[in-house]
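Pasting the structures here.
Below, subunit A partners subunit B and then partners subunit C, in two separate complexes.
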Partner chain A sequence: MTIMETRTKQGDASDGALGGRFSRLDGKLKITGGATYALEHPVEGLAYAVLVQSTIAAGRVVKVDTTKAEAAPGTLLVVTPETDLELKVASDWYGNRPDDQPYHPLPREVAFNGQAIAAVIAETLEQATEAARLVEVTYEETTAVASMDSPNAGEGKLVDQFNIAWGDAEEALAASPLRIEAEYSTPREYHVPIEPHGLTARWDGDRLTIWEPSQWTHGMARSYAELFGLPDENVRLLSPFIGGGFGSKAAVYAYGAVAAAVARRLGRPVKLAVTRPQNFTSYGGRAATRQTLELGANSDGILQAIVHRGASETSTYADFPEQTSAATPLMYAVPNFSSEHRLVPANTVMPGALRAPGKNPSAFGLECAMDELAYAAGVDPVEIRLRNYAEHDPQSGKPWSTRQMREALAAGSEAFGWAKRSFEPRSMRDGRQLIGWGVGCGTFPVLRAASEAMIRLLSDGTVEVVSGAIDMGQGTYTILAQTAAEALGVPVGQIDVRLGDSSLPGATVAGGSMLAGAITGAVHKAATAAREELIGLALNDANSPFRDTGANTLTVTDGRIAVPRGDGPSLTVAELMSATGRDLIETRRNTLPEADQGPEGHKRAWTTMTAIQGPTAGDYSMYSWCAHFVEVRVDEDFGTIRVSRIVSAFDCGRIYNPKLAESQWRGGIIMGIGQALLEEGLVDGRNGRVINNNLGDYLVATNADVPHIEVISVGIPDLNASVLGGKGVGEVGIVGVAPAIANAVFHATGKRVRDLPITLDKLI
Partner chain B sequence: MRDFSYSRATSADQARQAAIQSGAMLLAGGTTLLDLAKCGVFEPEAVIDITHLPGFSDIEMDAAGARIGALAKMGEVADHPAIRANFPAVSESLLLAASAQLRNMATVGGNLLQRTRCPYFRDPATFPACNKRSPGSGCSAIGGVTRNHAVLGTSEACIASYPGDLAVALVAFDASVDLGGRTVLADEFFLTPGDRPDRDTVIEPGEMIAGIVIPASPAAKNSTYLKVRDRQSYEFAAASAAVGLELEEDGRTVRDIRVALGGVATKPWRARAVEQALVGKALDAASVEKASRLAMEGAVSHGANRYKIELAPRVVARAILQMGGLA
Partner chain C sequence: MTRTVHLSLEINGKTRELDVEPRVTLLDALREHLELTGTKKGCDQGQCGACTVHVDGKRVLSCLTLAAQVEGRQIATIEGLAAENGDLHPVQAAFLEHDAFQCGYCTPGQIMSAVACIREGHAGSDEEIREYMAGNLCRCGAYNSIVAAVREAAEAA
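Now for the complex of A and B:
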């Protein structure tokens, strides 16, 4: 990746310069209803598909009686495990693919309750819904493991790659004068994006168009192509707007394969909307976890050893590890460490990535345990974190590229007024309200990937920024306009950004908090090239008024091209284009190294995750960091917890647009409030059904649950982390919130609740 | 969703006539009807829209009390000055219910007739056994996830809680439900499940709620609705209490007290034992807390809902103490 010098105009104004507090370009469209989401895209001649999901947790579909469904008004087609949809297994995220293996998205073997086993396609949504209810399924049930907590779940299988150890942790623990041991657990949690999943699929000959919300247009287009044995370019996936993804919209799931396959079979475009309850099992949420932490310290609270045993729930047919040790080895200096992680298979849909996978539950355990250690040592919880400050990455041994964690703790403490905290639990109250203050820290790795972008300067001076990257609300449209404006020297109002289309230049997945870093780099590179071409045109074209100025370079500022001395002509981009008779300057650039140029390298970079570089791939260890300070008020009679104040300080490197970054942080914090106090998939132990599969019963934080949240940036540009100096912003915000709240609840009540969510029944 | 016919009633008589047909259902705000139709619980053949019936949304107040038309919206009733002044608990019970969007849509008549949030009731495809839905089929909740099920008024057939808030306030203040031909005390309008959990209320086919009548009283005027739940807003009650209090001239002795509970019972639950223990007594924290425990007489828990037995009396006590100026 080339590191380019960034121009240092640091707009604090809302003028659109990079670093400015520029409002979301897509905001108005969204609040006025002008943004067309995937399922709103009008397509002629639609048929509607509705899924039928299993109602048992494990067994076999013996018979599907479709007689009534087929006879129902409007039914066009019923597909079941009997139907060969003629699909092939597609590659996984890493490009691995078994040869020529048939894929049955509606399987005969039932692995979890709520698995799609049939679908009905009809003329209207209502007809398809009713006919789907008339499908009669006979099962042969087998014994299920309802969840990782079921008595028959077992202790699970060790994941070798997550065995992390240095020193002699057991021995050092035994020798430590201060020891704490505790078990922490988190339940199944769900993305619940406000836009549910679904798609419209249309075939034109052997070309397939998919309208589906997507965090990764190129990756998903490839999957669809492989399902049907098509060349990648025959599939076009469009996703200009996304109503929240949080990790759930970066893969093709069974329902997508079904919709596209039945569209081909019927010769008609098909729309499939996954219902809200079906969203809970059509793809996986965050896996349930449990972990035991043993910390050993000297009497000053300086860590001597950490012994950590964690486990997460997975499915019976494929594994997704929610790594409980993702943050444990990084946060604090500790000479002796050992950690293991197990996967416990249960009859559930394969879990998936949900905002800060791994780091989130890992930090919940560690940051609560550090609070417990602080109390065992009689040391202030901020102070204990400083005493154990890691000067370099304890796991890799590499120096941090940048780590403003001390600054985060200091700035957060100061703004929160932490110095006034009394150490004793139950020492602050307001009538019947017990008041508690807690702190929790978080981290998220800097992942790096390449991307591609195209800049088009049109004859009227308009600039188009074009990429297949997506914007799911995090602000890609906006920061790319800012990046292009900055690099080109053109006002942001002159820039149009086109995103969310797999036929556009390639981009990495909007996941792992890496898209902004990746795509701003590509846009900056393409825009700089376009600017050079523009200047070249001005200096060299026979009809250019600059030709005879004798200047050997020109400036482009506020959309005007001029001589640096300021005494020559000054033209707008449009005027120069018209004077020279050019109607287009187009530059397409990517940030791949030379060795990876060419179709194979591009395919690997845009459609797999194999080209992504981890946080310690280079000479440094690179992470974003944060510290959350929380005040809670707990009703001492009712056990109800209200978060009354939050101050969080972040080190995410350079911030391209503080307004958008702050929104991302606040969004993560709000999700963290829900995780700490409300969110929990309730599983019926008898049949593995998630019974609160709707937004009335699966509770996320409402506005009333969210206090004023003050966020502070303490980051400095980190040019190892990305071309323009930013580190990941999107996920780190949620990491550390739940433990900060749990620690505040302890401070308020004197009671440790180690299993999320902390509901009132656990406190009364 | 099964196809159904839709008609808009132009008179109450016509609506009642139409509603007598089997498979017919009245449509008010639709926030329960549509929801349960989507879940496959309601399968109306004919939907009779009563929202355009003239005169059924009026809110009237005189010295005797208030009369609220069945079609008045939850939000309108909550904000009505006469209701707020004379029946704070009624207004608060509505404001603390559902969400602003739902309150703008939903009617008070429909609100009384909302069905339980028992998740097993709402998922017929997965849980065929539910006595409330299909009598005699069994109860899937018993032995399942029961955190929000009732601890009072349950039977072997059904332990589902009545989820609504408004009805709790109505029961506390001796309101009655005007069914056109007859008027029934709210307390008697709702039924405990016994061996007929399919019957939530005494309403008969062909009957329609015309309105709600709430008698004025000093206790109703000095009242509150306290709703406790994990989420600050937009959640059903873990436990709630409607309390009204009238004190003697001495400012301490209880002349009249009304207590009803929500979120813990199979119907809105009047706690007369608490009232009787406090009437004529001087109000103090210890006696209020002791009396409030009487609200749980006969309570039975099923697994995860045990906490309600501890929580509900605390909610009652806090509400009484608040009204008595002691909290």
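Now for the complex of A and C:
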């Protein structure tokens, strides 16, 4: 029996390893070209697959003439809707699966322009690319709904689960002395990770290895296993480095099924790289949204009612709701509330989760509307947010676990110099440049999930942290080394971290800002157990120098084991392992409750989203929060908009590594600048094609579009949110940026632009 | 089979021989034929900068360059930037210190661009760095740190 000392957490760098500004553990590999991303893994005997996508938005493939493609030099195989790839429909994210239903990733029925309908496999990439051009498809076209804005799109279908109401919103709105009503809209937006999607698939008998960028190795490995009717253990998915995901790399898509199926058919490994233009329709970006907000307030700007009606675009074959009411009921105290959300089907690829799904467009509407209310009431935009401060979660009625929103507004205002702002629009200028200052707030829920991790103490004193979790740039490698170092009492430099492999201990998805909280909890638990075992070994082993010290516990600090009172022996971990003849101390722990232990519970936790707990599952309501302060400069003559200054303050609980968290926050803010001013998927109304399906025409923020961004942490440890006190960091950064910019543009110009992006044509 | 050409390329000071179709880009030659995968393919259309390498010291988009075009020229990729003994190039060290990347996929292109940007004399101010590094997209949004890293490396140069 070992008595463990209690380690007190301060929640900052004074704790030691965790909370320190360490550089990325995987950094050196990334700056030297040594980090091997999925498609770069060397595999012998590769063949190359290239997709052929539909050129109509709706209809039927009548005929595919593959004669020329098959005759082209190097062609090995052409697969079309005629080809039975012998696949079965796999489970969705929630583990639901139809029985024994065939899956046709290259379907005969076309549901959107840019859908994969054929693939060519050849000896070289160039040959496959050329032969893909020679595939001739004959279609029978039917009437399409090009987008949710098309005249034939209809008003869509109400989603019952998103009906949110309390009080009598319509009546309270009618009785309010101050009322504003406005419609806000956001276009289709795309993830655009700089690493395009793709995979290499290799079969060894009935075992399948997949190298594919993945935000969820266990979830995607399960999908591949189900597609082919294989036992889970026969599939291994490797993803040690991911070139950006932002929500797009957590699922197996049609192209993945095609690549793995043709590899089996050909009996050789196949690499399929989705081209940049194909990325725009091989998986869905953020759905287009529109929402009408009516706010009723008394003459001081105190909210009395919110009536909200929203809609988002979805596909014709499956639904993905981009919930416009995700933030609306949470941000402010309001006694009467009503919200509905509709899904409008169009001939598009099913939309997907893109950084802060729901919360992002929802906050765009509400945070612009609050600015409009501030101006209707003649109240400062920060002040109106404080006057309507929600002391508890208005929707669930539960107390906030932690909510440093006042602190965020105060710290952001102070650093930005908000007090010097003049209230009237068009009242600040610098020559021909109109200057505007705007504020916008954001939130993202704390989602909690279980994960598993293994700690291995090797005889040379090295510590390995092992998990199937992934790092797409959030810093998982680094913070897990810090977590293990902290719990074990060894230096961070002594720790190796192995991630991104579905054969390693299970982890939840790197999405919904939940991975850090989940996997640090598991690593902390496993590392604490390893330390306990190490101390037990030191106290009890016949060959240990500590055996006769009479100590009932030992300390482990900076990699040395010693007696607490300071006298007696002091050994490094390696020296103790050597003295006792131990090669390895290995501990594997997960954070599942007892009832969910065992194979079924593990499979459910690591490969589905059914075990994830929402923000109000417990006694508290738990969210991350932020406030953005933005300065824009608008050219009075040309209407060009430049963001010239941003200060953002965040409450994300305890920060495990401020250097990396600040990078994530800035990244979210920069994506928000793109969303506000640049990003817009343009759809050709005649054929439903995404016109600007490349990086020259779908504009994302460049270095020249981005000013210095000051980020401030106002969070405090929240031990309800996670084992170590952190709340989500990655998603919240983008939420509230676009409305802050829109509000700044209004302040600069006096013009409200309510449809993103805010381009110069809307100002002049 | 398609006709191939024999190429002899000078890459990072070493001669590399390969037989490829004449239409193979420098980017695909590096990644698919020479196991030099540090150079990244982000768009294959000359729009993102991830494939930036140096040809005779100047930054070039390897996805818009045929391998056959660069015979007899000096090609430098990210793999050849650090010293033989493993010491990082000052730009690499500054990228690590300033956390000038997250996912790391645009990073080799950013670094190759940054080295050339400094050499061109276009790293005199933050504004100038932003403008002359604007051809390298970073979707993770590490731009502030990239500017800080380039500035520091330029000042040390």
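One rule holds in what follows: the second predicted complex is superposed on the first by the 748 of 764 C-alpha atoms of A that agree within 3 Å, B and C clash if a C-alpha of one lies under 4 Å from a C-alpha of the other, contacts with A are read in each partner's own complex, and residues count from 1 in each chain.
Everything that follows uses one rule, which is that contacts are C-beta pairs under 8 Å (C-beta built on N, C-alpha and C of every residue); 3 or more make two chains touch, one makes a residue touch a chain.
Computed from a predicted structure; not experimentally measured.
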So, A:Asp761: does it touch subunit B (first), subunit C (second), both, or neither?
first
Using the touch criterion from the header, give the chain among subunit B and subunit C with more contacted residues in subunit A.
C
Just subunit B (first), just subunit C (second), both, or neither: which does A:Glu126 touch?
both
Determine, under the contact definition given at the top, whether A:Gly244 touches first (subunit B), second (subunit C), both, or neither.
second
Between subunit B and subunit C, whom does A:Met671 touch in the aligned arrangement: first, second, both, or neither?
second
Using the touch definition from the top, say if A:Gly696 reaches subunit B (first), subunit C (second), both or neither.
both
Going by the contact rule set out at the top, does A:Arg432 touch subunit B (first), subunit C (second), both, or neither?
first
Look at A:Asp684 in the shared chain and tell me whether it touches subunit B only, subunit C only, both, or neither; answer first, second, both or neither.
first
Which of the two partners, first being subunit B and second being subunit C, lies in contact with A:Glu195: first, second, both, or neither?
second
So, does A:Ala617 touch the first partner subunit B, the second partner subunit C, both, or neither?
neither
Could you give the residue numbers on subunit A that contact subunit B in one complex and subunit C in the other?
73, 126, 696, 701-705
In the complex with subunit A, residue positions of subunit B that touch it:
1-3, 40, 117, 119-120, 123, 125-127, 143-145, 147, 228-235, 238, 304, 307, 310-311, 314-315, 317-318, 327
Spell out the part of subunit A that touches subunit C in their complex, as residue ranges.
23-24, 26-37, 40, 42, 73-74, 123-127, 191-196, 241-246, 273, 275-276, 472-475, 659-660, 662-664, 666-671, 694-696, 700-706, 708-709
Considering only the defined contacts, which subunit C positions touch subunit A in the complex?
1-2, 21, 23-24, 28, 31-32, 35-45, 47-48, 50, 77-79, 81-82, 88, 92, 95-97, 99, 101-108, 111, 126, 129-131, 133-147
In the complex of these two chains, what residues of subunit A are touching subunit B?
55, 73, 113, 126, 129-130, 133, 431-432, 635, 637-642, 677-678, 682-687, 689, 691-692, 696-697, 699, 701-705, 757, 759-761, 764
